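Next come the structures, one after another.
Here chain A shows up in two complexes: once beside chain B, once beside chain C.
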Partner chain A sequence: MSTINLISTSYTWEQFTPTFVLVGLALLILIADAFLPRFNKKVFPILGALISTGLACFTAGSSASSLFSTLACAATAVCLLMAYDYRKLVYASVAGGEHEDGAAEFTALPLLACAGVCALIRSRDLIMLFVALETVTLASYAMAGYFRRNQGSVEAGVKYLILGAVSTGLLVMGAAWFFGTTGSFRGDPRFVLAALCNPHLSAGILVSMGLLLAGIFFKAGAVPMHTWIPDVYQGAPTPVSAFLAVVSKLAGFVALLIILLPFVYLRTTVNDMMQGLIVLLAVVAAATLLVGNLGAIPQQNTKRLLGYSSIGQAGFILVFFVTLQPTIISPVFNYLLAYGIATLMAFFALATLRMQRGSEDISAFRGLGKSNPRTAFMITVSFASLAGVPLTAGFLAKLSSFQALVSTLIRPHHVVHWLLPIMIICAASGFYYYFKVLRAMYWDQPQQNDAPVTFSPLCTAVLTAGTLLLIVLGVIPLLF
Partner chain B sequence: MNPAIQAILFYIFALGALVSALGVVVLRNPVSSALSLACCLAFVAAIFFGVGATFLGIAQLIIYAGAILVLILFIVMMLNLKDEKPAAGNWFYCIVGVVVAGMMAGTISSAALRLPGATKGRCPVHVLAEHASELSPVSQGAQATHPPTTPSEYGGMLPPMSMKEGESDISLLGKTLFTRYNMSIVILSFALLAGALGAVAVGRKLCRD
Partner chain C sequence: MTPLSHYLIFSALLFSIGLGGAIMRRNVLVVLMGLELMLTAANVSLVAFSRAQGLEGVPVYDAQVLALFVMAIAAAEVAVGLALIVAMFRARRGVESTSLTSLKD
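Up next is the complex of A and B:
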């Protein structure tokens, strides 16, 4: 897999084809919603999902950018399918279920956010990075607060907006310092090296990196900028939580890759500063692992649990970044793929349970092992993959994270000595809290008045495809 | 302009901006806070004029002090906000907030004090004006005529503007925006579209059931 090219100076229109197609589609849907009142609004999310899937196939390729674009488009397509399944609640949130207003915006906003992610993946300078990231977050604020009749959703939207604005401020201030010290918005390693070697400017570029990292950590959900995640995931509509957990997280890690790439190239030149950066990233990764995995243990609400789980998984991804190797792009993508498939499956099943049992607690999974054994098996695979059970993709992804830490910091680096035990503890605690869901499915007795849950054909199809992917990727190590 | 006058003006405007920025936080009445913010923005615009960024200064005055602040004032008056009550203090959050803010301020000011202009112990504006000619063409970045080879060819202070004779900073800004950053502006329009759509979706009138 090729690395990201930092030196290329200008953008071409072809690079942004997915972005333009997605924005065009969003506009078409909005126009159809406004001027064709008799048009069946159920079609919008299906249309969006189809076109996103088409784009995912269109962008597929071996370069890093096309891989990430494919994943983002495919994940958006799954979220839109989930929105289709979830449409009754969307209508109820806007018009009390009387008519079908609000479906078009609920489709157009994820498409716009995905367009931002596709642009972010192509960005090679801080201006484009910021603008693309803002496209993602502005759409996400509105999506998180979309259910205005639901207090939790409004709270999630407001919380995300305020904390997101702070993180955007940090990012912009970091970009300003970066421009002031290197004279360029591009992360060209030569400019960064010059600033690092200049005694007047070295402090300035470190401040800029600190601010940029703080802004990006917010999007990626790393400690100490993680506090929004559990509340927003819990309050936001379930398809939106899934979108934030997968696509928005992917955007955060791609942005982190772009920001850190000059330092990857410089890791052998200014050794003492790079050692400082490695220790900083290791401390953040360790704190993220601990907060995410230990915080998930007492959770009773599944969305909150998945929120903490996404923090914990972000910790494992950050471990790749600790090594500062140019080869991290491919394992980061593989980890995000395994995590994304399993998380989307979990949210898809949860959306159905939320509609039929009216609850998002872990106890809503009760008795599924008896009433819906096939679906229960597929949910088991998804949570097993998140926990890292062998023969699922999640196991190989976690293994590659351990392997990256141990094998690339060749000289026994002091980071290995304390980060590795923390990773082991956190991987073990994952087994506890993910398996709470499995316990509810197989060991908890269904209540008297429980009707068997009917999973829609769409949900079953997505769960089956996800299960197959997770097992195939886990048994035949194509990627890892 | 005489460098001494320039320096004196800079310090006056900077002090004014600092004091009015403090006023935004300290004043209890929301309307006073908003007006204090207007003063702060106007002082910053004056500093922009002082370093020769005329367009930026005008944009700051028209857009921020003019349009955005009027909007804020409208909202404040429409909501009919009363004086802000002092928040019930939690000592733990208070201490954490002070420590984080202090660390941030300390880091940024120590980095700023190391910048080339500051080490000469003189007003940054003065230094910029005096040494404009001997600065390296670092702002040109990769556009420089020869690819720089050693680290010392990079870095250093930025020249205030690299304008040709008879060119205004407005045309320079326009050229930069619509050539090098053209694609970013296109994507920015999508961000604005997402923002507008989000505002409509969240602000729509709900049917009562």
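Up next is the complex of A and C:
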């Protein structure tokens, strides 16, 4: 896998084909919704899912950018399928369930956000990065608050908006200072080095990096900018939570890769400053690991649990960044892939339970082991992969995170040896809180009036595909 | 000519006022104003830096392009934000951020 080339900053129209197609499709869907009242609105999410799957195949390739685009488009397609499965609640949220209104916007917004992610992956300067990131964020605000009659959803939307806009402000200010100190919005290592070595400018570039990192940590869900995650995931409609957990998180980490790339080139030159950056990233990774994994332990609501889980998993991804090696792109992608598949499966099963049992608590999984043994097995695989049980993709992903850290420890001047015990504690606590769901499925007795849950064929198909992928990637280490 | 540092100090002050407002005020509408102030402060910095980086009176237009984008995005953010605040007012009869307590551990 080639590294992201940062020095060449010329853009070509072809690079942005997925963005144009997605934006065009979203606009077409909105126009069709407005001007073709008899058009069957159920088709919109299916159409969106088909086109984004097509784009995922179209962009597939061996370069880092195309891999990330493929993952983003495929995850968007799964979220749209989930929205299709969830359509009764979507209609109910808009018109009290009488009309089939609201399906078009609920399809168009994820497509627009995915267009932003595809543009972000191709961005090589801060202007493009900022605009693409904001495209994702603005669409996400509207999606999180989409159920406007639901107190939780509106509250999630407002909280996300306020905290997200603060991080936008930090990001723009950081970009301004980056421009002021290096004279360009491109992260050209030569300019960055020149600024770092100039005693008048080095403080300015440190300020700018601090602001930029704070803005991007928000998207990636790293401490101290993580506070929105549990609330927003809990309040937002389930397909939106899944979208935020996978696609928006991917956007955050791609942005982090792009921002840190000049420092990857410079890691051997300005030693003191690089040590400082490494320690900063290590502290953030450790805090993210601890907050995510220890915060998840007392949770009873599955969406909140998955929110804390996504913070914890982000901590394991941040460990790759602590090494500041040019080779981190492929393990970061692999980790996001394993995490994304398992998370999407968990949210998909949860959406069905929410519709049929009316609850998103862990107890909603009760008795599935007896009533739906096959689906229960597939949910087991997804949570086992999140926890990192051997023979699933999640195990190899966590293993590569440990390997990355250990490989830095054998080098001289290592400063982050204290991170290893924290990772071990956090990986172990994952087994406790993910297995609460499995305990509910296999050991809790079903209640008297529980009807067996019927999983739609679509849900079963997605869960089966995800299970196969997780096991194949876990048994045959194609990627890791 | 006003030196660069004056613009930067002004911008930093504006940014702090905006950030303070966004963090400390309870009314969500006022919080939104604070957020706009932060973006405006960043725009002041961008335009000042664009002049300072230029040669012979010709600014580097990259930063001014970003300032234009920031204005557009700030407008979009207000549009989405006001829609959410209207929805919040309908659901709760108030726009106080202290009433946002239905989602918690």
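A few comments on the model shown:
Keep this in mind: the second predicted complex is superposed on the first by the 473 of 480 C-alpha atoms of A that agree within 3 Å, B and C clash if a C-alpha of one lies under 4 Å from a C-alpha of the other, contacts with A are read in each partner's own complex, and residues count from 1 in each chain.
Please note the rule applied: a contact is a pair of C-beta atoms (placed from the backbone, for glycine too) under 8 Å apart; a residue touches a chain by one contact, two chains touch by 3 or more.
Since the structure is predicted, the reported quantities are computational estimates derived from the model, not experimental observations.
Of the two partner chains, chain C is the only one touched by A:168; chain B is not. Of the two partner chains, chain B is the only one that A:94 touches; chain C does not reach it. Of the two partner chains placed by superposition, only chain C is touched by A:159; chain B is not. Once the two complexes are laid over each other on the shared chain, residue contacts for A:239 go to neither chain B nor chain C. Judged by the touch definition given at the top, the superposed model places A:132 against chain B, while chain C stays out of reach.
Shared-chain residue A:142: touches chain B and chain C both.
Greater residue coverage of chain A by touch, when chain B is weighed against chain C, goes to B.
In the superposed pair of complexes, A:312 makes contact with neither chain B nor chain C. Look at A:262: by the touch rule set out above, it reaches neither chain B nor chain C. With both structures placed on the common chain, the touch criterion links A:23 to chain B but leaves chain C unconnected. Residue overlap on chain A between the chain B contacts of one complex and the chain C contacts of the other covers 127, 131, 134, 138, 141-142, 145, 148-149, 157, 177, 180, 183-184. Within the complex formed with chain A, the chain B residues making contact are 107-108, 110-112, 114-116, 119, 138-142, 148, 151-156, 158, 180-181, 183-184, 186-188, 190-191, 193-195, 197-202, 204, 206-209. Note for the complex: chain A touches chain C at residues 126-127, 130-131, 134, 138, 141-142, 145, 148-152, 154-159, 161-162, 165-166, 168-170, 172-173, 175-177, 179-180, 183-185, 230-231, 234-235, 295, 298-299, 304. Across the complex, chain A meets chain B through its residues 7, 9-11, 13, 16, 19, 23, 26-27, 30, 94-98, 102, 105-106, 108-109, 112-113, 115-116, 119, 125, 127-128, 131-132, 134-135, 138-139, 141-143, 145-146, 148-149, 157, 177, 180-184, 186, 188, 190-191, 193-195, 197-201, 203-204, 206-207, 210. Those residues of chain C that touch chain A in the complex are listed here as 15, 18-19, 22-23, 28, 31-32, 35, 38-39, 41-43, 45-46, 49-50, 52-53, 60, 62-63, 65-66, 69-70, 73, 76-77, 80-81, 83-85, 87-88, 90-92, 97, 100, 102-105.
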